[in-house]
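Chains here go by letter, A, B and C, matching the order in which they are written, and residues are numbered from 1 within each.
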Amino acid sequence: MHILVCIKQVPDSAQIRVHPVTNTIMRQGVPAIVNPYDLYALEEALRLKDRYRARVTALCMGPPQAEAALRKALAFGADEAILLTDRAFAGADTLATSYALSAAIRQVHKGLPVDLVFAGKQTIDGDTAQVGPGIATRLDMQLLTYVSKIVSLDPAAREIVVHRRSEGGVQVLKTQLPALITVLEGINEMRFASLTDMLRAERHALALWSKDDAHIDDATKIGLKGSPTAVSKVFAPTPTNRRAEIIETQSGQPIDLAATLVAKLFSNRPDVALAINPSPTPDGSSL
Amino acid sequence: MSEHFDAIVVGAGPAGNSAAYTLARAGLKVLQIERGEYSGSKNVQGAILYSDALERIIPDFREDAPLERHVIEQRMWVLDDESYIGGTYRSADFSKPPYNRYTIIRSQFDRWFSKKVRDAGALVVCETTVLDLHMDGHRVVGVRTDRENGSVYADIVILADGVNSLLARKAGFHGELKPKDVALAVKEIHFLPEQTIEDRFNVKGTEGVVIEMAGKITQGMVGTGFLYTNKESVTIGVGCLLSDFKKSKIAPYVLLERMKAHPAIRPLLEAGEMKEYTAHLIPEGGYNAIPAVYGDGWLMVGDAGMFVNAVHREGSNLAMTTGRLAAETIIDLKARGKPMTARNLAAYRKALDESFVMKDMKKYKNVPSVMDKNRQFFTDYPHLVSHAAHTLLTVDGMDKKTKERAIRQEFTRTRSRFGLFADAFKLWRAFE
Amino acid sequence: MTSSPAQQKQAPRAAGRRVMKLDERLAGYKGVWVFVEYERGQVHPVSWELLGEGRKLADALNVELAAVLLGSPSDAIRDCCDQAIHFGADLCYLACHPTLKDYRNAPYTTVLTELVNRYCPEILLLGATTLGRDLAGSVATTLKTGLTADCTGLVIDPENRGLAATRPTFGGSLLCTIVTLNYRPQMATVRPRVMAMPVADATRTGRVVEHPVAIVEESIATKILEFIPDDRVAEAQLPFADIIVSGGRGMKRQDNFRLIHDLARVLGAEVGASRPVIQAGWVGPERQVGQSGKTVRPRLYIAAGISGAVQHRVGMDKSDVIVAINEDANAPIFDFAHYGIVGNAMTILPALTQAFTEHLKARKRAG
């Protein structure tokens, strides 16, 4: 069993600020982290590794600094790590990204057939959730997105059963390998690497792959050239000009503030007040 | 399976990085262990980098280090409630490369330094806390971390784990920190467009300004304020003795808020976006607070060893220099096949004593206690000095001679003539 | 795994440089399509919202608006075709086949790709649901065209008749407008509750175009063993709640969250939360409101101990009335809330619970 995990290094979006004048992203001091959703994917792959003695390969496309993300994957237990890095990939949108990644996976597959590909449900910088489906479609793998649980895996029969989150419920799906799975957050709890693992990860020689290593011959399919979409404008959200009416009372006591607010709400916005429909209390009476 | 290294460095701040880098470059098998997610992850604020200390470790650091602005102008302000009086030193010399001082953003700088450490061949393990030292009798032989299989061994352990060195305390190398020996500094970064910074501070290109502030802003506590210009941001902060914060019951962020509202400071930050607020401890006990810095199988560098020159607000250069000297001591012993005993490691202390580190620390050894015992420096004087300037500079029909007399009278009214002389003498003694 | 920040920064210049003129072979792509999400006899409301939006786009282009429905043959799905027309579609492409009974990626991708290749729409919109994003990602890949996820605004550029899709990026701190270059169709997904629900017009008529499906079940690797419906869990309810009481980091501790629940119970409201609360594990991820959580549009949104970071704001600022409780008078949430109380949420919330209780009692007596 060979499992490949796609991870991405992303700027910690919680710490990103927008330049007040130029409206560009200010990256000063914003740390790069492993996309949090990908860690769930990695852990899920490692659990299968533990159970089925699978081999886990981590794949990351990004600049040379993304090495740190792969070292982390190695420390947690990935056996191999490949950094797909080439200036030719710059400017890629999701279609061009999935092209490059699937080309790399094909090469990995030639060395050791890939049975499962794992990815996070989306990244926190792009939030598109498109690259996973793109890879599966290109590699003709079964696609299982938003997986909240892996119910069973039968390596002999090459079958996997999962819970897939869908609108209004959970689909229990059975499919054939090879498959690509994007996992939901909270599906597992990340392990804590041992010091031995940390040292091994630090010493591990990463595979650095250029586009040629991934056997990408057609440069029109990758990077800016291979991207059907383009950003035409970047701007900050327009600030609303409203400023909250701050409720104040003479006493400043919570109960007076609350009463004033509720009275205001009921008199100024009767339409909203009408929307308040208390559910019956547990004893059956309603308010 | 526990590994054995030539040296283990605990901590990846400037001191730890300097030590690990120097050791690894000399071909030693080095393991560096850092508690944070990466080197610098706990350090988002701006700081000052002194070129000399780093040059001796990485001579060509200017080629790729993330430097913000080189400092061409130093302002010193003494602030009263509504006013300030100050001096400015700006020299064209400061604008000739190689530059002497830079403003840096620590998180970026530390990461860059850490990369250098890795490239030099050291193993760097982050998100790992060293819980204990492994001892063999009196000798330190390794460390125990919070990870599974978490013990590693080495000929020598370098403690570079910062001001609150838990390890040093646990191992009994020094006692609990005394609140009067540490300052609590709070800092913020405010983002401003490059153009705005250039206009407000009268600089261009990568030129920058540092403003040191003292006076009423610390509300009677022993401490100073500071402002550094970065490329696209301004670092502002204030630090006071922890013991004073405790006594005054003023919350550090309140102090910083009030300082930012000062009419001389507010316009400098206007329209900026506050990015990050951090508080951290700075050892300011000076020379007299320096603990034992070496022993059998261990050395202490940087803030852990209280190596901070509070008077000149120098920390990172002392940290880097102590890290380098520690590494050089070890490299020398290794080369001569000598064991890492306290006796042999005494060479580290000797190297410190001969360097500017101990010379400066000694020079100002009395400053902390003088400041501590003479609060008028932070209360009365700022007001007196600034009021004097105000009186002198206000054109109101009073002749200058009368004005000077009035100023003198106000000074002696507040502090007796004897007190004034005594203060001057104490200060002179402390700084000389 | 989309373009990195640096790459997105380069892109605007690139868009100007690259030719926006369409190849002749693409000029034949005409019409706006909305994929109507039909599952278990019901249409996801986002599909109707999209028809409302699609109508505007089609009118701007002076082309037809089509709804696309896939499912197993039934009367119900035919009724939905009529409904789609009432909501603004001019025509309906209908593909009915037993293999399409419930959503599965492979057969849906096959059929939707076939439809597009046959009828060549210039725009294809889908809801940004678990179904829509799964399907859109695959179909955009088989069609080798551009797809913009999670859009909050769609307009036609009058100069080139192209679709300009605006979406939040970097956790919502910025918006970017994305265009599709020399590729068709232009695809986009839109979050539920972002666009307004159109008013149905039962007098509208349109035609239904049936598309034959030739898939055999044996060729589909993925089988649905079971569907476990959500049993009135917050996940299904939050986006459609009329009233939401949300808590943030300012609630300080997990057990303080019961104050949020107390108020929610009195108001018949759903409980929401901001990202730090989810990350701290105080409530489940299904309750997250914001860029990486749910977009909500309730009549009343009460935010307690939430500072109002952009990440949260983009998920809730279309609420009719926003009430904010925060200790920090300078918290950004007061810049877009309607009413604010500056104070400690732990003391204000119980007071609010009491005040609402009394008011509702009075209303009941009166009514």
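Criterion: a contact is a pair of C-beta atoms (placed from the backbone, for glycine too) under 8 Å apart; a residue touches a chain by one contact, two chains touch by 3 or more.
Values in this document were obtained by computation on a predicted structure and should not be read as measured data.
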In terms of CA centroids, furthest away from subunit B sits chain C
Chain centroid nearest the full-protein CA centroid:
A
Taking each chain's centre as the mean of its CA atoms, subunit A sits from subunit B at a distance in Å of 39
Subunit A and subunit C have mean C-alpha positions lying a whole-number Å distance apart equal to 18
Cα centre of subunit B to Cα centre of subunit C, whole Å, reads 51
Subunit A residues touching 2+ other chains are 17
Across the complex, what residues on subunit B touch subunit A?
1, 3, 31, 37-38, 41, 44, 105, 107-108, 123-125, 128, 145, 147-152, 189, 191, 193, 196, 230-233, 271, 273, 275-276
Hey, which residues of subunit A end up touching subunit B in the complex?
17, 19-22, 26, 28-29, 31, 33, 68, 192-196, 198-199, 202-203
Touch list for subunit A against partner subunit C, complex:
6, 8, 11, 13-14, 16-18, 23-25, 27, 35, 61-63, 90-95, 97-98, 101, 119, 123-134, 136-138, 142-146, 161, 163-176, 184-186, 224, 227-237, 239-240, 242-247, 253-255, 257-259, 261-266, 269, 271-273, 275-279, 281, 286-287
Partner subunit A, residues of subunit C touching it in the complex:
1-12, 14-16, 18, 37, 39-40, 44, 102-106, 109, 129-131, 133-134, 136-138, 140-142, 144-150, 164, 168-183, 221-230, 236, 242-243, 265-268, 275, 284-285, 291-292, 298-300, 309-311, 313-314, 317, 320-324, 329, 333-344, 347-348, 350-352, 354-361, 363-364
